[in-house]
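You will see two complexes here that share subunit A, one where it goes with subunit B and one where it goes with subunit C.
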Partner chain A sequence: MFIENLYNIHNTCYVNILELTGKKVRTSIYSLLYALGFFYNVLKAIGGFFKKRQVGYKVLVMQILFTGFEALIINVVMAIAIGAAVIIIGTGFLPQFGQTKLMYQILILIITRELGPLLTAFVVTARSGTAIATELGTMVVNNEIEAYIASGINPISYLAVPRLIGVTVSMLVLTIYFNIFGLLGSFTVVQLFKAIPIREYLSNLMQVLQLKDIFLGMLKALIFGMIIAVMSMFQGFSVNRASTEIPVAGIKAVGSCIVLIVIADVFVTVIQYVG
Partner chain B sequence: MKFKIKFADQIVGLFIILSLVFLGVIVILLGVNQRWFAKNYYFKTVFTSAGNIAEGTPILMKGFQVGKISKIRLNETNTVDVDFYIYDTYYEKVKEYSLLELSVSPIGLGTQLLFLPGKGDKLLEEGSFIYLSDTPEGQAYIEQGLVDVPIKDDTITRLLSNINPLLENVNKTVITVNRTLTEINRALAGQSTGPLGNIVNDIQNTTHQFPEMMDNVNGVIADVQSRTSQLIDQVNTLVASLNVITGNFEATSEALRDPTGLIPKLLGDKNNTLLTRINSITAEIEKSVKNLQYIISSLNAEVPKIATVLNETRIAIQKAQDVLEGIKNNPLIKGGIPERQEQQSLYQSMREGNIE
Partner chain C sequence: MSDNTATLTIPAVTLERVSFSIDDNQILSDVSFKQPVGACTCIIGGTGCGKSTVLKIAGGLIVPESGAVLIHGKNIFWFSEKQEEALRKVTGFVFQNGALWQNTSVFNNVALPLQVHFPELPQNEVQKRVRALVEELGYYETLTVRPAELSVGEQKLIAIARALITDPEIVFMDDPTANLDDDSIEHVYNKITKLRKRGVTLLIATNNEELLYRFADYIGVMKLGKLEIFGCYEDVIENTAVSMKGTLQRLKRRGRRVCEEEIIGDGSEMSNRSDV
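So, the complex of A and B:
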C-alpha cells in the first residue's frame, strides 16, 4: 500500500514536471510569437508616424532627450575611460614586441566594433529600458491605454512607435559619441600620462580604421536599440492589473534585453567574420 | 518650466546634428587618409607562395608606404598571381627595372614588401609586370646595377643579407658533397652504373684478383732474382773482359800517342821498301785508269753506231718474225712442218713418281 502510494506520488510528480515544462515552453513560444506580432505592428505603424508626425513628435523628442542626451555623460565617461585604458596598456605593453601599431587595431576592435555598441546598449537598457517598461506598465494599471483607445488614439502609434524610434536613434547617436570620445577623447587623457603626437596618432588610427568597422558598429547599435525598445514596451504592455507587476515588468525587460543583446551581438559578429 | 524640457527640441537637434557632423568628419578623414578618391596605378607580379602576403599588404619604399596589394590568386601553374597598386604620388618612382622584394624579419616580427625603384629612364606603363628580386631576372637587374637597392635598416637583416649568399653557396656545396657521398656510397654498395661505379667495380675485381697476382708477382720476382744473379755473373765476367780490353786499348793509345808510333813503324823502315812498292802500284793503277778512260771514250764515240745497228737489227728481227708468221699461216705449207716431239728426261719422270 505504501509502495503503491509512493508509485502514485512518483507518477504524479513526473506528470507534473512534464506538464509544467510543456506549459512553460508553450507560454514562451506564445510570448515570443506575441512579441514578434507586437514588433510587426510597431514596424507597420512607423510609416504612419512619419505621415502624421504631430501626433507623437513630442513623445519622440522627449524619448531622445531622456534616452540619448541624458545618457551622454555616462557614455562619454565610459568611452574615455576604456579608450584611455587601451592606449595606456597598448603603449606600455605592445612596443616590447615591436607591435606598437597593433594598439590602433585593438582600440578600434574594442571601441568601434564591440564594446562601444554593447556598453551603450547596457546603459540604455539600464536607464531607458526599465523606465519604458515601468511607465507603460503604470499606464496599463491606471487604464490609460484603454482611455487612449476610447479616445480613438492608437496606443501603438502614439506610445510604441515614438519610443522605438527614439531609443533606436538614441542608440545610434550614443554609439557615434562613444566612438568619438573613445578614439579621440581618450587620446586627450593619455597626454597627461604619456605624450603621443596627435598627427601620428590620427594618421595611424585612420590608416587602420575601416568604413566597415563604423558600419558594423552602427548596425549593432540599430539592432540593440530595436531590441531594447521592443522588449521594454512588450514587458510594459504585459502588465495586467496589479501595481506589483510593474517592477517585475522592469526586471523582466532588463533581463530579456541583456540576453537578446548578447545573442544578437554574437550573431552579428559571427556573420561578420564568417561572411 | 525646466530648461531641458523647454529647449528639448533644440537640445535633441544639436545632439543629433553634432553626432552626424562628427561622423561626417571621421568619414572624410578616412577618405583622405585611405585615398578613396585618389588614382592608383596597378601592376602585376608573381609569387611562389602567398604565405607571407595578403590582400592589403602595404608596399614600402624606404619606410614610406607607396602602395598596397589589391588581389592575390593561385594560378594554373601553382604560383600566385598578385595585383598591386602604387599611389599616384609615387608613380614617378616606377621606372624600368623596378623590382619588388619580400623581406621577412629574421626574428619573426612579420614581413615587409619592399619596392626597389629601377634606374631606367622610362616609366613603366600601368599593368606592366614587375619581377621579384629573388627571381633570375631580378638578380640580373641587381647584378647589372639597374636597381636602386637600399641599405637594410637593421644590423641583423644587413648581416643576414650578406650571409645569405654565403649560406646559399655553402648549401650548394653541401648538396654537391652530399650527392657525391651518396654516389660514392652507392658505388661502394655496387648500386651505381656511373663512371665511379665502374671504377669501384674494377677495383673490386682487381682486389679479388690481387692475391693471385701477388702469387704471380712473387714467382716472377723469384725468377727475376735467379736470372739477375746469373746476369750479374755474366756482367761481372764482361766487366772483367772490358777491363782487359780497356787495358789493351790504353796500351794501344799510349803506343799511338808515341811520335815514333805504329804507322811510322810500319812504313818507316830504313830503306822505305814498302813505300816504294806502294808508289809503283799506284803508278800502275794510274796507267790502267788512263787506258780505261781511253776505251770508254772510244766506246762513247761508237755508241750512236751501235744504237743504229741495234735498231736495224730490231727491225730485221721484226720483219723475220712477220715472214715466219706469214709462212706459218700459209695454207699450202700449213701442217708441212712436223711437230717436234719433246723427249722427256727419264730422270725427271722417275723423280716425279710416274713409274708405277
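So, the complex of A and C:
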C-alpha cells in the first residue's frame, strides 16, 4: 500500500513537472510571438512618427538624454578599464610566445566586435530597460495609457516609437564611445604601468583594424538596442492591473533582454565566421 | 427601456448586449442602452457593480467580449485608424482616478490633446485656452508643476480640463465630483451646465444625488454587472423595486423638476430644465 502510494505520488509529481514545463514553454513562445507582433506595430508606426508634426519628439530627446547621455560615464569607465586590462594582460603574456602584435588583434576583437556592444547592451538593459518597463507598467496601472487612447494619442507612436529610436540610437552612440575609449582611453591608463610609444601603438592598431570590425560591432549594437527597447516596452505594456506586477515586469524585461541579446550575439558571431 | 429613447433617431451612444469578464469574473452581462444626442445619462449603482467598465466600453477603451458599441450609429470597434482619430477628437473621457500623465507638467496634461488634434494652433493660443479652462474649473495655481504635486481634488479638476479642452461633442465622466470640495463641485456643475447648453452628450457614472437631480435626463441603475433599469429620470425615480432604492427615494422626495423643454437643432434633441 505504502509503495503504491509512493508510486502514485511519484507519478503525479512527474506529470505535474512535465505539465508545468510544457505550460511555461508554451507561455514563453506565445509571449515571444506577441512581442514580435508588437515590434511589427512599432516599426509600422515609425514612418508616421517622422511624417507628422509629432509631439513625441520631446519624448525622443528625453529618451536619448537618459539612455545615451546619462549612461556615458559608466560606459566610458568600463571601456577604459577593460581596454587597459586587455593591454596589460596582452603585453605581459603574449611576448612569451613571440606574439606581441597579436595583442592588437585581440584588443580589436574584444573591444569592437564583442565586449563593446555586449557590455553596452548590459548597461543599457540595467538602466533603461528596467526604467522603461517599470515606467510603462506604472502608466498602465494608473490608466495613463487609456488616457492617451481616450485623448486620441496613439501610445505606440507617442510612447513606443520614440523609445525604440531613442534606445537604438543611444546604443549605437554608446558603442562608438566604448570603442574610442576602449582602444584609445585605455592606452593612457596603461602608460602608468608600462610605457608604450603612442606612434607604435596607433600604427599597430590601425594595421589590424578593419572596417568589417566596426560594421559588425555597430550591427550588434543596432540589434541589441532594438531588443532592449522592444522587450522592455513589451513587458511594461503587459502589466495588467496590480502595482505588484510592475517590479515583475522590470525583472522579466532584464531577463528576456539578456537572454535574447546573448542569443543574437552568438547568432551574429556565427554568421560572421561561417559566412 | 423608456419610450423617450425609442422616439429619438440616431442615438449618440448605443450599447447592444455588451458582456465583459476578466478571467472567470463576469463584470458585465448583456448591458444595453441608448444614449440620445445632447442628453445627460447617469449610470448609478453600488461599488463594484460595473459602472466604470460600462463607461470605458462605451468610450471604446475596453473591447467587450460580446455585443456592440455604436457611436452615432457606427460600431466603433470596426473603425479605421483615421475614423478613430476623428472619434477621439470629438470625445472626452474623465477617469475616476484622474489618470494624469505623471511624467509631464500639468500644463502639458491639458494642452497635449489640443496640440495633437489642432497642431495649427499657435503656442500662445494653446496657453490661453488651457489657462481659461482650468480657471473656469476653479484651478488658479501654477501649471508648471507635475501632477504628483497636486492634491487628489486638483488632479481631478485637471483631468476634467484635459477631457474638455478640445470642446468634445460626447463626454464620458467617471465620478466627476469624487474627491472635490464643495466649491470645486460647484465649478464642475457650472461647467456641466454650459456643456448641456451647448448640446454636448454626457454619459456620467456617479452616485452623487445632487448631480443626478440637476442634470440627469436618463438614469441607468446597475447591479452586479447588469443594467437593472434604464429610462428617463422621472420614470426611474418612480421605480423603487431596484437597487439604489435610497438614492431614488430621496430624489423622488425632492419632487418633480420644473420644466421639460425640447430644443431641436441639427437633427438632435435634448431636454433642458429651468432649474439647471
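Just so we're on the same page, the second predicted complex is superposed on the first by the 247 of 275 C-alpha atoms of A that agree within 3 Å, B and C clash if a C-alpha of one lies under 4 Å from a C-alpha of the other, contacts with A are read in each partner's own complex, and residues count from 1 in each chain.
As a working rule, a residue touches a chain if its C-beta (ideal position, glycine included) is under 8 Å from a C-beta of that chain, and two chains touch if they have at least 3 such contacts.
Fair warning: this is a prediction, and the values are worked out from it, not measured in the lab.
**Student:** Fit or clash for subunit B plus subunit C once both are placed on subunit A?
**Tutor:** Because the two structures are overlaid on the shared chain, the partners are seen to fit without clashing.
**Student:** Is A:Val262 contacted by the first partner subunit B, the second partner subunit C, both or neither?
**Tutor:** neither
**Student:** Pick one for A:Leu211: touches subunit B only (first), subunit C only (second), both, or neither.
**Tutor:** first
**Student:** Applying the touch criterion given at the start, work out whether A:Leu222 contacts subunit B, subunit C, both or neither, answering first, second, both or neither.
**Tutor:** A:Leu222 sits against neither subunit B nor subunit C.
**Student:** Report, in whole Å, the shortest distance between any C-alpha atom of subunit B and any C-alpha atom of subunit C after the two complexes are superposed.
**Tutor:** Minimum C-alpha separation, subunit B to subunit C: 11 Å.
**Student:** Return the residues of subunit A at which the contacts from subunit B and from subunit C coincide.
**Tutor:** none
**Student:** Contact residues on subunit A for subunit C in the complex?
**Tutor:** Contacts found on subunit A: 53, 55, 135, 138-139, 142-144, 146-153.
**Student:** Considering the complex alone, what residue numbers of subunit B touch subunit A?
**Tutor:** 4-5, 8-9, 11-12, 15-16, 19-20, 22-23, 26-27, 29-30, 32-34, 109
**Student:** Give the list of subunit A residues in touch with subunit B in this complex.
**Tutor:** 61-62, 64-65, 68-69, 72, 97-99, 169, 172-173, 176-177, 179-180, 202-203, 206-207, 209-211, 214
**Student:** Help me check something: in the complex, which residues belonging to subunit C touch subunit A?
**Tutor:** Subunit C reaches subunit A through residues 56, 59-61, 84-85, 87-89, 91-93, 95, 97, 99-103, 112-113, 115-117, 119, 162-163, 172.
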